[in-house]
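There are structures below to look over.
Look for chain A in each of the two complexes below; its partner is chain B in the first and chain C in the second.
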Partner chain A sequence: MATTRILEWVGRFYIFLLLGFLYLPIIIMALMSFNASPFYQLPFEWTTDWYASLWQNDQLIAATWNSIEIAIITTVISTVLGSAASLALYRYEFRGKKFLQALLFPPIAIPWLITGTAMLIFFFGIGIGRGLIAILLGHVALALPYVIVVVSARLQTFAPELEEAARSLGANQWQVTVRVTLPWIMPGVIAGGLFAFAVSFDQFVVSYFLSTPGQTTLPVEIYAAIRKGFTPEINAVSTIIIVVSMALMLLTARFFKFGGEK
Partner chain B sequence: MAEQLATGSRRGLRPALPLLLPAYLWLTVAIFLPLSAMVFFSFMTDLPLAGKEWSFTLGNYAAFFSQSLYLTLLLASLRLGLEVTLWCVVIGYPAAYVLAKVLKGRSREAIFLLVILPFWSNGLVRIFSWAMVLREGGILDITLNAVLPFKINIDLMYSYPAVIIGLVHSYVPYMVLTCYLTLQAIDDSLIEAGRSLGASRLQMLKRVIIPLSMPGLIAGAALIFVPVVGSFMEPRILGGRTGTFYGTVIEDQFVAVFNWPLGAALSFILLAVVLVILALAAPVLRRAG
Partner chain C sequence: MAGVQVSNVSRSFGAHKALDHVSIDFPDGGFYALLGPSGSGKTTLLRQIAGFDFPDSGRIAIGGESVERVPVEKRRIGMVFQNYALFPNMSVADNVAFGLSVRGEAKATIATEVQRALDLVQLGKLGGRRPHQLSGGQRQRVALARAIVTKPRVLLLDEPLGALDKALRVDMQIELKRIQREIGITTIFVTHDQEEALTMSDRIGILRDGRLVQEGPPEEIYDRPQSEFAATFLGDANIFRGDATGHGIRLPDGMTIAAGSGPSLAAGTKASCAVRPERIQISTGNAKLDMGNANMLEGQVSKRIFAGNNSTYFVDRDGQTVKVIVQNTGAERLAEGQPVVLSWSPESTVLIAA
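Moving on, here comes the complex of A and B:
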């Protein structure tokens, strides 16, 4: 038994090391965004100047608003369309259903580099070109499979007898959906929506290929700034982004358990 | 089957269509048609825009096979994918084991969430954060020089190891997640039974635990390998001049050289490689899912 105890403590220590590996760079980046030296020199001198100067950076602020707007519109569209599709996949039996479900896999599994460049070519070919509309089209498509997967997972826990019971009591299809099914799957819908927001807000690769200098999102703007050279301002805006996206995922986790216990 | 009873209480595609159509139409316009268009364009000499002359050609594919540069870079990217995947197994699997079999209750839930959390945060920003750590005069440099009695210069920034570190940091949570799911499904009493029959820890690991968690390992490997082979932003930021890979060459065709047909051909070759890998892993993925 003694060796078991020791091994368990080694295991716990190992997890601690892994968490260090995962979080240290982020913590250091956050600390450096509060350091006065523009060349990240130590000793550490506290300042919030870099955050203050973010407000003067019109380009960055414009890109931030674009990111937020696109993420919100993506969330609304993909949650509505995705939930509807999940309901159909749950409720009805038809030929080709397996195929439709399998079609959700490629958008998730194919590297964004390929999807992004393909969208660029196609949108150019049909005249949409690059810009915010193209980015929005792409983001919704990337978010849809996640929404459908998450909402479908929630629907698996729903008892169809409830719908049958409501129907036999005289409710029509619309009433059944709105009064019975929707309240039950709401946690899944909310989680799906938060996923969609995260997919869009954090999306870099696809936005990168679809953006033009005037119409761009925050991650694309940051990438351009990084390639010009590091500045503490990038640290500051990066720190804000990471805090926002982690908070978002913590919120999602409240509504949706990441697999595992069912 | 219970599942068949539970779902599909009603038959027919017709009533399902209004619910399905918007989502799948959107996916078609923004994903499936673009992928088809890419294949089409890859056989063209130029883009059929603004009245430019174009014709069909195999030249873009010939370029891939005749110039060893592209093949070399594809191999370099495949090697990068393999190395990153291996490191993710080495680092992620033990962590998944501890999470599934050692930690219990609330602390397990909290730590699991902590491990998964970075995976869902901004990848670009996380890659950038390593720049602070790895550069000369960065935290790693200062810390090591403070601890070690002799002077060393740590400047990993813009090197191959930096790219590996950044990518492993990006993808290891995926491996932890998939392995955790399969390890958690292994019945504890099975392990106890094996132990009481006299199997050593190592034997149990080799004969029982690893084989049973193989679907998780393979799922994780596929889900890490594929995006790493197609990565371009991570090598650009952390690799600098050493960070030229297949993905960065494709990026160049679209944003710097503007040879879109060649870019489409290179992308399509990558897609073919990716599909082969996913097809090989698909049976296992289905069982694991």
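Moving on, here comes the complex of A and C:
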């Protein structure tokens, strides 16, 4: 009995350490965004000045909106295209299908630095150049394989008889997809969408290559700001983003249990 | 309602002939069982009739109308799947409503029809449940209600009772039969369970290796099987092999067996006789034999299995084991090792060409 108790405490300590490791830096950053000293000096002195001045920082705000816009558009495009591709790969047998599926994985493994360079060269070659459009195209390309992999995994748990049953009841292909197949794969589609959003919103390397000074995203802007000289405004904007994205995650987790049945 | 005609239907998957020139006439309003071991083509045939798959050649007609190139969603059939295939994201009522809803029926009509169908399968109060909250038998009923609510021309059942336990299966057999009679729908039922086929259907078609072996009413196939396969697959049978002697055979040890039915075969050709285990009388040497029992063989009891209302005896004779089922009438039971006389009438014997 004593050993189980000890093990229990070891387990708790481990979890505590793990959570501390994950969250401590974030908590400190959030706290410092409310600290008057720009140099992390203690004692802690409460202020919301950094949030106020953040509001004045047009460049940072513009970059934030760019990031959100690009992430949302990337999510919509890659989720729709990726889910459709997963359905096609699930339903149809065609020449080169295996090859096509195998081609989906390398982009996940290729370093973004290389993908970014390749895209930059390619976009210049075909005349798109750099800018928000280039960033958007790049993000969609990066996010697509994630969506396809996640949705395909969910489709593996789908019983094909359900589509057959729907057809036997007179449903056409569109009705079968919308009323039977999509509801089943929805948790996978949502998870794929979250991945796509994260890939885009967190994206630094590819965005860095493809952005121009006026047209940039938040991670690139933060990087530029830090190089110029760190200000706690960065802490403020990061804190806002963390709160918003955690709220989004919790909401999603509340409505969808990934992988399992509803 | 409508009958179904399958004429000369063939279907191959690569080199495998799943269906080989199968022709069956499914009568209007009848309950037809497609019986066969796995891989016999019975499910493939059902899928051709449903329209999930199209035959390579041959014709399929529902109510006289050719449908062999019509996709399933336009065939107006109802189908119950082996694993029920209920939509997990919908309530029981929504599952049943699906077929009406995709046809664009009015909400009020749908509600009435769904309730009527659920009442028919005795699930009137469970419309709000989700499929995962139901027992196997209840899911089965929902699947049936969903399949018939659209008033299909044919009801197709793919081993619908396979997933149920024995007691529930018997209940559902009776229930299914009651519902089928009540709405009078042409029903085609795929099963590998011969008992199910015998008790439920008006006609049975036995399939093997993609071919129709024999078809007809259950009594006819049971009493007059035309092949060893039909004799042993539908019910139990003792098969005696020998040379034809006109209406009977001569066994290798010289004994003869007279058959009351079967084809006329040229003397000397290879042939066999099939006898049901319950038709054979087993007795000790000095017992009085039934006068009609012209067929007689001697043997020795090798094993007896007591099953309450009857006993099964395994009797060895000339290297063959003969199975005999005797009703428990309270008469003397025979011991293992005891020499016995087996006797039965020619009317209980069917001659089969080898």
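Operating definition for what follows: the second predicted complex is superposed on the first by the 240 of 262 C-alpha atoms of A that agree within 3 Å, B and C clash if a C-alpha of one lies under 4 Å from a C-alpha of the other, contacts with A are read in each partner's own complex, and residues count from 1 in each chain.
The working rule: contacts are C-beta pairs under 8 Å (C-beta built on N, C-alpha and C of every residue); 3 or more make two chains touch, one makes a residue touch a chain.
No experiment lies behind these values; they were computed from the predicted model shown.
J.: On the A-aligned overlay, A:18 touches which partner chain: chain B = first, chain C = second, or both, or neither?
T.: first
J.: What is the contact status of A:164 with respect to chain B (first) and chain C (second): first, second, both, or neither?
T.: both
J.: In the overlaid three-chain picture, which partner chain does A:175 touch, first (chain B) or second (chain C), both, or neither?
T.: A:175: touches chain C, not chain B.
J.: Comparing chain B against chain C, which has contacts with more of the residues in chain A?
T.: Of chain B and chain C, B contacts more residues of chain A.
J.: Between chain B (first) and chain C (second), which does A:91 come into contact with in this model arrangement: first, second, both, or neither?
T.: A:91 contacts chain B only, not chain C.
J.: Looking at the overlay, does A:150 come into contact with chain B only (first), chain C only (second), both, or neither?
T.: So A:150 meets neither chain B nor chain C here.
J.: Is A:185 touching the first partner chain B, the second partner chain C, both, or neither of them?
T.: neither
J.: Looking at chain A, which of its residues have contacts with both chain B and chain C?
T.: In chain A, residues 159, 164 are touched by chain B and also by chain C.
J.: Write out the stretch or stretches of chain B touching chain A in their complex.
T.: For this pair, the touching residues of chain B are 4, 6-13, 15-17, 19-20, 22-24, 26-27, 29-35, 37-38, 41, 47-49, 91, 94-95, 97-99, 102-103, 111-118, 120-126, 128-133, 137-139, 142, 169, 172-173, 177, 180-181, 184, 223, 226-227, 229-233, 236-237, 247, 250-251, 254-255, 260, 263-264, 267, 270-271, 274, 278.
J.: Considering the complex alone, what residue numbers of chain A touch chain C?
T.: Against chain C, chain A makes touches at 159, 161-162, 164-172, 175, 179-180, 183-184, 261-262.
J.: What residues of chain C sit close enough to touch chain A in their complex?
T.: Interface residues on the chain C side: 50, 52, 71-74, 76-79, 81, 83, 85-89, 98-99, 102-103, 132, 146-147, 150, 156.
J.: Mind pulling up the chain A residues that touch chain B in the complex?
T.: 8, 11-12, 14-15, 18-19, 21-26, 28-29, 32, 40-42, 81-82, 84-85, 87-97, 100, 103, 106-107, 109-115, 117-125, 137-138, 140-141, 144-145, 148, 156, 159-160, 163-164, 198, 201-202, 204-205, 208-209, 219, 222-223, 226-227, 230, 234-235, 238, 241-242, 245-246, 248-250, 252-253, 258-260
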